[in-house]
Amino acid sequence: MRVRVQLFARLRELAGRSDVECEVGDGSTIADVWREVAGRHPGLAPYEASVSCARNEDFARMSAPVADGDAIAFLPPVSGG
Amino acid sequence: MRVRVQLFARLRELAGRSDVECEVGDGSTIADVWREVAGRHPGLAPYEASVSCARNEDFARMSAPVADGDAIAFLPPVSGG
Amino acid sequence: MSLLSITSQPLHAGVLAAELEREVQGRGEGCGAVCTFLGIVRATHKGRRVRYLEYEAFEPLALKTFDRIAREIAADWPEARVAIHHRVGRLAVGEASVIIAAASSHRAESFQVCRYAIERIKQIAPIWKHEFFAEGDAWVEGATADIEDETARRRARDIAACV
Amino acid sequence: MSLLSITSQPLHAGVLAAELEREVQGRGEGCGAVCTFLGIVRATHKGRRVRYLEYEAFEPLALKTFDRIAREIAADWPEARVAIHHRVGRLAVGEASVIIAAASSHRAESFQVCRYAIERIKQIAPIWKHEFFAEGDAWVEGATADIEDETARRRARDIAACV
């Protein structure tokens, strides 16, 4: 399956890009997508424990399954306000 | 001694006037002034326990002495804000 | 513009907040938070429809009282600053009777100072609200103003520390 | 004007407060209190002089998060209404990064709702602050956004209501 990954804030800077196309196997979860992206951009690895994520512009759990064409967003700890 | 008394809000309405000239004996306190004013305007009597007062534009105790020419103000319970 | 005032003119919180922000920005850690409170003339009071209100103040003493409240705040929240403008005269439903702005480097203090100020105003400022209904009118009478009442001051501080 | 927004334009609390006041005035007891909070770009951060900030947001999700916060508030404070405008892009020292307005019939709720909103924004809104100093820059990273974390929500409510 092909999913589109969006990276924000420091994750974007560490990866050097805001959008990543990503190929994962059937039955993959968002966590699998994260491992794929962090594998390609090792600078992201320290965020493994603190990252949160969204699927198609809604918050999701890392354990949620992904479908072909999904937009997955990875969010470092937030600091709005 | 002659003192000028200012009445506010409902006290003013009950007395029908905002300013009262008042004659009290030497050694009088603000409480004596109140009794003098309330004697002339009995409608004020129910405020005996809840009134507060000022002397020459500063809060004062009812037990404070008054001097000739003082401006004494009687204030019903407040409701600003 | 004075930070403390009594006026018969409509109140504008924005100008007050901006002035206070500039003042606090220039010192210490700077200004990171401004909390404002607007007391508004409500359309109803205990189920009765309000036509309009009149506020009356013993102006010189009310200003001194605002200054006292500002000094109490300076003692308890030294990094914060407060501004208080209170309206007098006739007010329509929806108009602001009082605006308070509190600026500080961090948000908790700005909320606390703003809340403390409105609680203290209601306790000790020599200002009175006169409500006019479709039928009849009523003076509102709250607290007996007593600046020596430390229990009241502590109560205001406790309410504020909770915000 | 929308009550919830993300914008690169300067924020104006007055318009927001006025709109909210009108909305709350028309229902129930009416509107007696408006509390606003302005988060301001502070001149210093941990002793370092700030040149400017940049805020970045995941806009569609941030707007949904504001809507979630507004619904949480409607559940806990049914008489109150909240508005949230958050700025993105480059901000100078002294500018507002966020403005929150909370209107209700009585003052306690307006303070509580305003405080709850800013606490929740800091917990879960997908927005990031990037600080630029005279030398160097730093992303600020606070909470891991977790909308299912009921402990965090309760903490925001406790801070707001001082339980």
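Just a few scattered comments:
A, B, C and D are the chain letters, set down in written order, and residue numbers restart from 1 in every chain.
Assume a residue touches a chain if its C-beta (ideal position, glycine included) is under 8 Å from a C-beta of that chain, and two chains touch if they have at least 3 such contacts.
For clarity, every value in this text was computed on a predicted model and none was experimentally measured.
Across the assembly, the mean Cα position most removed from that of chain D is the one of B.
In this assembly, the C-alpha centroid of chain B lies 48 Å from the C-alpha centroid of chain D. In terms of their C-alpha centroids, the spacing between chain C and chain D amounts to 22 Å. Between the CA-based centres of chain B and chain C the separation comes to 26 Å, rounded to the whole angstrom.
Residue numbers of chain C whose C-beta contacts span two or more other chains: 39, 118.
With touch defined as above, chain A holds no residue shared between interfaces to two or more other chains. Chain pairs that touch one another, listed by label: A-D, B-C, C-D. Those residues of chain D lying in contact with chain A across their complex are 39, 55-58, 60-62, 64, 86, 97-98, 118, 121-130, 139-148. Taken in their complex, chain D has these residues touching chain C: 12-14, 17, 21-22, 25-26, 29-44, 50, 93-94, 103, 105, 107, 110-112, 114-115, 118, 160-162. On the chain A side of its complex with chain D, the touching residues are 6, 8-10, 13, 50-52, 54, 57-59, 61, 73, 75-81.
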